[in-house]
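Okay, so subunit A shows up in both of these, paired with subunit B first and subunit C after.
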Partner chain A sequence: MSKAIIKVENLFHSYMQGTPFEKEVLHGLSFEVYHGEKLAIVGPTQSGKSTLLQYFNAIFIPKKGRVIVDEQDTKDSRLNLKELRRKVAMLFQHPDSQLFKETVADDIAFGLKNMNFPEEVIEITIKKALATVGLDSNEFFYRYIFSLSGGEKKKVAIAGILALNPEILILDDPTAGLDPKGRVDFLNSIKFLHDKLGLTTIFVSSNMNDVVELADRVMILVDGKIEMIDIPENIFIKREKLLSYGLTLPSVVELVDELIKSGINVDEKIINIDQLEESLIKILNSS
Partner chain B sequence: MIKINDLYFTYYPESENPQKALTAVSLSIKEGEFVSIIGQNGSGKTTLAKHLNAILTPTKGSVLIDGINTRNKENLWDVRKKVGMVFQNPENQIICSTVRSDISFGPENLGINRVEIENRVDKSIELMGLSKYQDYPPHMLSIGLKQKVTIAGVLAMGTKYIIFDEPTSMLDSLGKKEVFEVILNLRKKREVTIIYITHLMEEVLKSDRTIVMSEGKIVLDDSPKKIFSKLKILRSLSLDVPIIPDISSRLNKRGISIPSQIITTQEFVNCLKQL
Partner chain C sequence: MELYKNTIFGFYREGDSLIHKIDPRIKIILLIVIIIFISFIRTFSGIVFIGLFLLLIIKLSNSSFFYILKGLKPVLPIILLILIFQIIFYIGEPGKILFQWNFIKISVLGIKVSCFMMLKAILIYFISSIFFLTTEMISFTDAMERLILPLQKIKFPSHEIVMVGVIAFRFVPTLVEELERLMKAQIARGADLDRGNLIVRTIKLSGLLIPLFISAYQRAEDLVLAMESRCYRGGEGRTRRIAKKLTILDFTSFIFTVLFFSLTFLTIRYFRLL
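So, the complex of A and B:
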């Protein structure tokens, strides 16, 4: 088992604490995120996913429980917040809430300037970051942000955080609102970043097909409690539970169920189309 | 009937780099049809949709809504009364402080009498299943319910044609199902004509007719079944392929022949059983 880069111990969170409207939304979560893994966090709306994400880079500091990121307790008063937020990079759901400068280069430079990078290094760092997310720096360096497509904006937002050389990437519903080509492109660049830079990747997703494509492990968060945390095969086999939480199933899993119901005995553990193809070939060849 | 004749549209025609968005688009849509429009981002889907309620008017060619020409500015209100639009993000479309008042806003602006407004609002609230929420402030609702509020608002205007521009793309998977369900319900009643822009192939499969756009032109206009048997074209346009044609083409490559017109799970199962 690889080493934990994030440890969450008995974490509670309440909104509007100390008022009559106080509401506890995370009820004592404990789990670990392993170094270099891709963890999906899945849950119905209002399950506490976005709240949880904000503990990883100390936007929230635990009042009850502990969050340890790379061996540092986020509650520790000696914590270097700037350094932590460089290490733990966050990509919001809407790139428009992250991009605010006029041009691509200015936007990526913003974080670098804040981290006191010397002028001469900045330009080359921007170009490298653009190349890493698959954007041609000749074409994109001076482009106006407003002239970019949704997928391009997301990539620029990622380039902006990659320039700071993070170790953990946090993505809040990364493919929502992208068209099919944008989605495939974007998933590929996340995979590429993970494989090339070894970034630990934590992503919230409402698209189960994304989960199947990206995740090494899946956490199911319902009403502020962890219902399951396991590898995708072990999660998606529990169909009825997932449906009872108001979640949907990956399209391949839905098809597998329909095939089994119609008497075509494919393996019920199948979660992706490659596995389905092999299973059908096996059945057809043996009949 | 909506009739589009040889429509061309160019953004910034007077500028140094004018952008051609639509080229020679001709199309007619009959009353009661459910037409889906697919195509990559930038293919002209939204530009075309905006011509149907005169947000944009043609650079060349014409758009006629029940015979009314959108080009004539005097016809603007008549066009907008007939053609309503639901956008991707309901947040951009909700303005009032309660669900009921938001749904009433559109018909109030049409200058019809109060009794008629209340009738229409009641009817659309019921159709969208919003009775429980009519006194809620819209910001308290989930984004899926907000989208139902915007649809109810358009219905209350009494529009005959509704254009949906990716209405489910911002919603979570359950929200997507719920909102699409109410749209299918509208279609069943055949009271409105639906023009539906989407990237989701499961939604496309439920429409009567599918228009595929690329680079400002209509490249295919056929039943969804016929469209999805043309996998090569869909892939060349970077469009998603539904799961059954996808798995079928994989099996074909492995020497198992499954005809290209197989689209539904049932057809697929029957075909496998006969092999």
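So, the complex of A and C:
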């Protein structure tokens, strides 16, 4: 197994600490994220996913427990926070608040200026970042943010963080609110980025089909506790458990169950469409 | 990075204490009475009396004194600044002067009067906090509307004014949330909003205001659409979903408070404490 780039040890989180509204939402999480992997974090709504993500780029600093990113403890007072936040790029759940400048170029430049990129390279970097997410820079460079569609906004938001040349990509429910084509496009560009730049990718998703398509490993987070963390094949075999957490199953898995019910003998471990196709062809040929 | 925590003031806390149960109309009237009374106090013993009274109310409402006190923290620097200015620039009968330099005079009386004002402001803060901690926004605005409804007869737009107030109040937490999101998004891209001197920080905060205003306007637009598509057309002829009647508790609490204050007032007067 490759080495861990993020280590979380016994992490607790409470909102509104020291008030009568105090509420513990993460109850002692421990896990590791490996270098270069794509980890999916899945859980019912309000289970603490977004809260957990904010520990990876030190927006939250642990009061109880430890988070180590690239061998640096985020609690360490000597830590260079800016450098850490350049390394760990984050796409928030609400892309609208992630874009806060008037034009696309201004917005992407925001991070570059904060990180003290020299003036001459900023324009080139912006164009390169737009190209990476598949947006034509002639068309989009001077576009107003409010004139963009939801999918375009997400892409611009990603361009804004990719411009900083990160090593870890954190995506909070990135495909929510995208239309089917936008979703496929988006997943492909994430795959492409991962393969081309070798970014470690951590993403939250409420869509199990995204998880099957993208994830190397899956974490199931329920009520602030890790219920499972494993490769997708081992996760989706536990159908009853997943359903009992209020989660859904990937479409292919549902299809496999239907096939088995109607007497077609496919392997119940199958989770994606290619495996299913292969297995069905085999069955057809043998009969 | 949690703004929410510091915006306690105005947040309702569920409960079923005695104070929670008093009719909001009575509570509003009592709040006004108490605030007026506080502004009339002129002696420290008066402050102590009110202080004791507030402690009793806090006890009865199941709130925590320290929790309310904490809500003062964000405005503490402003309070202290005002206090210092008041002391330095106090103009009144000079009395005994402790220190003088050019036009700056620090007198015993100045210190006394200024501390007094501050204590009064804190008392008012406390009583209003207790009020909002124990009164749901909905029932507060409903009560407000009923209290000023009679003014509708003289063409005063009570319903509309209350409605505007409700929406404004309702949007405070939403805006705080939005601001928190924006700040996090900027921090995540390397903005250090929490560092630098006052001027640098102010400039950086101004970068938050514009997007915040834009999103507030967008929300306002959404709200108008949502209200119109549900046929909202102002207050005339609207009836209430829940009609409230005053109970024994309301009368007793009203009478108790008014009696308490009259008695305090009289005793203090009598012993020439006020």
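By definition in this document, the second predicted complex is superposed on the first by the 287 of 287 C-alpha atoms of A that agree within 3 Å, B and C clash if a C-alpha of one lies under 4 Å from a C-alpha of the other, contacts with A are read in each partner's own complex, and residues count from 1 in each chain.
Convention: contacts are C-beta pairs under 8 Å (C-beta built on N, C-alpha and C of every residue); 3 or more make two chains touch, one makes a residue touch a chain.
All of these numbers come straight from a predicted model, not from anything done at the bench.
Asker: Check the residue A:Ile273 against both partner chains and state whether it touches subunit B (first), subunit C (second), both, or neither.
Answerer: Only subunit B is touched by A:Ile273; subunit C is not.
Asker: Quick check for you: in the superposed arrangement, does A:Met16 touch first (subunit B), second (subunit C), both or neither?
Answerer: After superposition on chain A, A:Met16 lies in contact with subunit C alone.
Asker: First (subunit B), second (subunit C), both or neither: which does A:Leu247 touch?
Answerer: first
Asker: Between subunit B (first) and subunit C (second), which, if any, makes contact with A:Val69: first, second, both or neither?
Answerer: So A:Val69 meets neither subunit B nor subunit C here.
Asker: Show which residues of subunit A both subunit B and subunit C reach, each in its own complex.
Answerer: Common to the two interfaces on subunit A: nothing.
Asker: Which of the residues in subunit B end up touching subunit A in this complex?
Answerer: Residue list for subunit B touching subunit A: 40-42, 88, 142, 169-170, 172-175, 177, 199, 238-240, 243-244, 246-247, 250-251, 254, 256, 265-266, 269, 272-273, 275.
Asker: In the complex formed with subunit A, which residues of subunit C make contact?
Answerer: 1-2, 4-5, 8, 11, 13, 63-64, 67, 70, 178, 181-182, 184-192, 207-208, 210-211, 214-215
Asker: Across the complex, what residues on subunit A touch subunit C?
Answerer: Subunit A residues touching subunit C: 15-21, 54, 57, 59-60, 81-82, 85-86, 89-90, 92, 94, 96-98, 100, 110-111, 114-115, 146, 160-161, 164.
Asker: Subunit B touches which residues of subunit A in the complex?
Answerer: Contact set of subunit A toward subunit B: 44-45, 149-151, 176-177, 179-182, 206-208, 246-248, 251-252, 255, 258-259, 262-264, 273, 276-277, 280-281, 284, 287.
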